[in-house]
Amino acid sequence: MTGQLLAQLMNGLLIGCMYSLIAIGLTMIWGVMNIINFAHADFLMIGMFISFWLYTLYGVDPIFSIPVCGAVLFLLGWLIYRYLVSKVMTGPGLAQLVVTFGISIFIANAAVFLWSPDFRMIEKPLLAGTWNFGTVQLSIPKAIASLGSVAVSVALFLFLRKTKTGKAILAVEMNRSSALLMGINTERVNALSFAIGSSLVGIAGAFLSMYYYIYPQVGGTFGLISFCIVALGGFGSIEGAFLAGILIGVVQTLGGYFFDPAYKYAIVFAMYLVTVWIRPQGLMG
Amino acid sequence: MHGKRGRILPYALTLLLSLALASAGAAADKVIKIGAVYPLTGNIASTGLDCLHGAELAVDIINGKYPDLNLPLAKTAGLPNLGGAKLKLVVADTKGEPRNGQAEAERLVTEEKVVGMIGAYQSAVTKTASQATERLKIPYVCSDSSSPTLTERGLKYFFRVSPHDAGFARDQLQFLKDLEKAKGVKIGTIAVLYENTEFGSNVGKQVLMLAPEYGFKVVADISYTANATDVTSEVGRLIKANPDVLMHASYITDAILFTKTFKEMGFNPKGILTFAGYIEPGYLPAVKADGNDIIVRSTFALDLAKSKPLVAKVNALFKKKYGIDMSENAARSFAAPFVIADAINRARTTEAEAVVKALLATNIPGSEMIYPWKGIQFDPKSHQNIHARGILVQIQNQNYVTVWPFDSAAAKVIWPFPAWKTRK
Amino acid sequence: MMTMKKPTAVQVVFYAALLAGLLAFPLIVKGTFPTHIMIMVFLFAMMGVAWNILGGYAAMFSFGQAAFFGIGAYTSTILLMNYNVNPWIGLVAGGVLAALMGAAIGIPCSNLRGHYFAIASIAFAEIVRIHFNNWKFVAAAEGLSLPLLPESLGNFMFHSSKAPYYYIILVFLLLSVLICWYISANRMGFYLRAIKESHELAKGMGISFVRYRLYAIMISAFLTAMAGTFYAQYILYIDPESVLILPISVQVVLVAMLGGAGTIIGPIIGAAILLPLSEITRVSLGYKGSGIDMMIYGALIMLISAYRPQGVWGLLTTIGRRGK
Amino acid sequence: MSAASFLEVQGITKRFGGLTATEDVSFTVNQGEILSIIGPNGAGKSTLFNCITGFYRSDAGKVLFRGMDITTAGAHRICKLGIARTFQIVQVISDMTVLENVMTGTYLRTYDRKKVREKAGEILRFAGLYEKRDFLGTDITIADKKRLEVAMALGTEPTLLMLDEAMAGLTPVELREMIGLLRKVRENGVTLIIVEHVMEAVMELSDRVVVINSGRKIVEGMPADVVRNPEVIQAYLGDRYHA
């Protein structure tokens, strides 16, 4: 009984770390540009497919595809910002949002067109199998993905605090107009943040591809939950998104175990509503 | 009355012409349009496409001359009683949404002038599409939706060839009973795990209702959200309940995820009996050897070829056309065009009332089918094929092998389910 | 703004001609499919107008309209099936229930701004969907098939023709437009726009933004629920997957945003472009199963909104102004 | 409570975390007068202002308006009771016309649209903005925006009007116009509280002045007396030296 509880808790942590990594990219875009990127989940899908094709066509293990996924998505994010999103940055209301909807629909169906709607799986990743600790079984790819997620989050955190470019991004996030006055090229910072945010979710895709099936609509639930995580953590707060991701992972798993699996996502959403009722700005907003 | 004559004349001419052509023995270019609605975009597009391929092959066989195929209308080109008229599928995408099922059925009937309808795959879409054809008085033959409620509505124009979930649930439980007898094993407890959309909850409901009747105790009743990101809590509950047998109804996404998680967490019941997702074409390529020893309900398996050479021939055609083996979905959808064409052929007209009458009189023998059934005959009230039944296949060496009913089994069932630790 | 000026003669003639054209449509165009597309256009236009009261005027970007839509559809259907209540009464009951649900969710959310509100509305709608998916009383995921009643206006059910549905939803749409226009031209419209500008400013002018935001949610929920009842009576089958899912909410937002949020006519134009576009791409390309229909659909949304962010209506008015 | 005290502020204290923004500030305002609150930057004037108007909830103290305790009332309630305000950073509704902006205020006590329009028009004439009534809120100058804000506040028909730096950044000509407008407002029987930096305006308009420094009231009195008070000079000079 306690063994099972521990196993659940551990698995909650693992899925939580994965959520965090997906959500951090989103919160960055959100915080800097005040844009909800509805295509975020589709970027995740692209990351997974890149990893899959590298494995299938060239036998590259997902663990080595990580930098490729990061780089390709970085470029894609940059291009999408440059040619689509930047056009509506000063537009009315949520015009940016509609653009990202359009991008999302386009990308998901382009994937169907290019790669068919079939389900894929990376057959034998280098990292496979389980670690057994008594009653607790830990999936090795999941554990590695979680460690990777923590590492990437820390790296991003350091990048934002320690480098000049990172500080510029933070400055824009805090106050756009004064950053402009300080001589920061906000347009460049926007593009960079969009690219970094996309790159992070691409990396998440590579990790996820080690143990999750891949198909064009795979991002759906992950996307929805990452919106919730970002809002729960407080928009633009990287630490907030990291903690909220783990929290949601654990709550979802334990809620499913003790209460009712059919309601496990409902519990997550309810938790969000209760939290913002008490703290409208989110946990760390 | 110029207008009236103008309307009659073309018909009269067509009739004369077709009579002339028919008597000349030449294939008329008359076309019988059948509407086919499937989810061709969206979440389950791959399944929809698979179904469509089955139906398309059936139409090819009906339209072409296949003397060595013992299938209805295969030996002749087109429908002989209608002057060799050809069948044409008019395909429409539902995106898996019920409202599109209705709209497309209406469009196909009123704009494309189809005289019959097949398909939909998802029961919810079949519901609205068949409601529309009912209103428009067009026969609908379904061979790929499995919700029991479809044939409980008392529709006049709706017929179903394939078995439904209540039947499948019975098959599974009967298999366990037979197994107890044959192997002398004792199966006491079962866990029911089902995704909470229409399909899963229907299966769940049936199993929960029937299990006591067969003397099994349900120790876990777990419904879960489809397309989950993670299912460790569900599997955790299963481990806690520790059932002898797991019965799992899911679509393909969750089937893949659960298989992986069973292995990861070492969930080892004596048997895993499943529905639907585990037999979709994407499942085995995704899980590979981890799928071994799982048992799935089916209407079809390639190894039926052992007792039915027809199966191999049809599969060869399918493979030639689409490059892959015929899946269960494709095989199920393969039935409907034959049934509807057979009825039209016997009715000698596409007029709906006559076709319905012919459908009610359908009697296709088991030898002219790729399924292990006695035949196709519709219940006069519900319009459900009374001979439809399921088989159980087990994944052995990454192949679907028929294991039940024991008399048409291609291999012995592997029981109990080998522990994950002992597997590669 | 538009609320203050008397319509010009050209405008009067234009709208009168448009209305006459719409009224005559089912008489001129035979075939059920065009009528069906028009019905879907009106249905989503109506929901877009209802969304606009929230998103366009009060800057509450709701992505949870499907919850209200579903509550409307389910309330009238359950009342009809279990208690034999006339669907027209069910329509009102569904509206009232949705408005109350809106208020219930609106009170805790009244302090949330921008994206926080947007995500809260998604969370709310997802909870409703998950619950209905598991709730035995409403047949859970199995869905409800409406009993077929003899066709009549009283029964809100027609079998031989789509024209009555067409006129009913057209009336619903006009009613929504009228309500939206009335709101925008009166105190509430001014107050919602003040709230949209800034909560501080609104408070300083004596505006209880909690109250007015609640009014906006409740009115929007009521109208959306009406659309839900219409859907149930029209399709005659509902299940959580067809009336409660996020894509419906998204479609509504797209309709309003693409047409031009915050204008009365915007959502109607948005619906008039988006729905036929998706239907036509689906019908002409969808059967190939290649996803190319949705690619085109997505690309068009993406490009229109990126290069004409003020919406199609904004584009038209700019051209109109240039023309003068 | 004596009938004479129109607004009574008693011991208002407001803290933000560890920082005390205002501490135990008390004063009274008489009906019909113009009271100015002055003090160096960061002295807590705006905090005090926001505590009175219900935008902040004070940690201690009381605000009585015409004998009624409004300490915990919400901002919109306070406006409804007759206290209108403007903002330090000017706020108008950008996508509404000037007329519509004022109408938004006027709607507080009038429901009929025609009457609302008429009233708003009158107020605009009064404020000298009538010619610009069809301009959008975004399209007018800062000075006009400031006047518009006063007009919007007047639309709510207040008995007490509180202005937060309504004259900052105006040119001398604009300043004259604003002073003239505020005089007219007072003549119409509206009591005014002005939080202000522009000493010229303070000296000219005020009946009485309250000086705040470091969150505390240091002096209260006639304008001429206050500017000569050494404590006040110290506060301002000290502020300048340490700035």
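Letters are used for the chains, namely A, B, C and D, taken in the order the chains are written, and counting of residues starts over at 1 for each.
The rule we apply is simple: contacts are C-beta pairs under 8 Å (C-beta built on N, C-alpha and C of every residue); 3 or more make two chains touch, one makes a residue touch a chain.
What you see is a predicted model, and the numbers here were worked out from it, not measured in a lab.
Shared contact partners of subunit A and subunit B are C.
The interface with the greater count of contacting C-beta pairs, when B-C is set against A-C, is A-C. Note: centroid distance subunit B to subunit D, computed from Cα atoms, is 76 Å.
Between subunit B and subunit C the centroid-to-centroid distance comes to 37 Å (mean Cα coordinates, whole Å). The mean-CA centres of subunit A and subunit C are about 31 angstrom from one another, to the nearest whole unit.
In terms of their C-alpha centroids, the spacing between subunit A and subunit D amounts to 48 Å. Multi-chain contact residues of subunit C (touching two or more other chains): 130, 133-134, 262, 289, 291, 293-294. For subunit B, the set of residues touching two or more other chains reads 41, 45, 49, 196, 223, 225. The touch graph of these protein chains has some other shape, matching none of line, ring, star or complete.
Chain pairs that touch one another: A-B, A-C, B-C, C-D. Taken in their complex, subunit A has these residues touching subunit B: 1, 4, 7-8, 11-12, 15, 19, 109, 112, 116-121, 123, 130, 137, 139, 211-213, 215, 217, 220-222, 225, 249, 252-257, 260-262, 264-265. Those residues of subunit A whose C-beta lies close enough to touch subunit C in the complex are 30, 34, 36, 83-85, 87-88, 91-95, 97-99, 101-113, 117, 216, 224, 227-228, 230-231, 235, 260, 262-263, 265-266, 269-270, 272-273, 276-277, 280-282. Interface residues of subunit C facing subunit B in the complex, by the touch rule stated above, are 31-33, 36, 40, 130, 133-134, 140-143, 145, 159, 231, 235-237, 239, 241-242, 279, 282-283, 286-289, 291, 293-294. Per the touch definition, subunit C reaches subunit D in the complex via residues 1, 4, 185-187, 190-191, 193-194, 197-198, 200-209, 262. For subunit D in complex with subunit C, the touching residues are 53-55, 74-77, 79-80, 84-87, 91-97, 99-100, 103-105, 107-108, 111, 113, 116, 152-153, 155-156.
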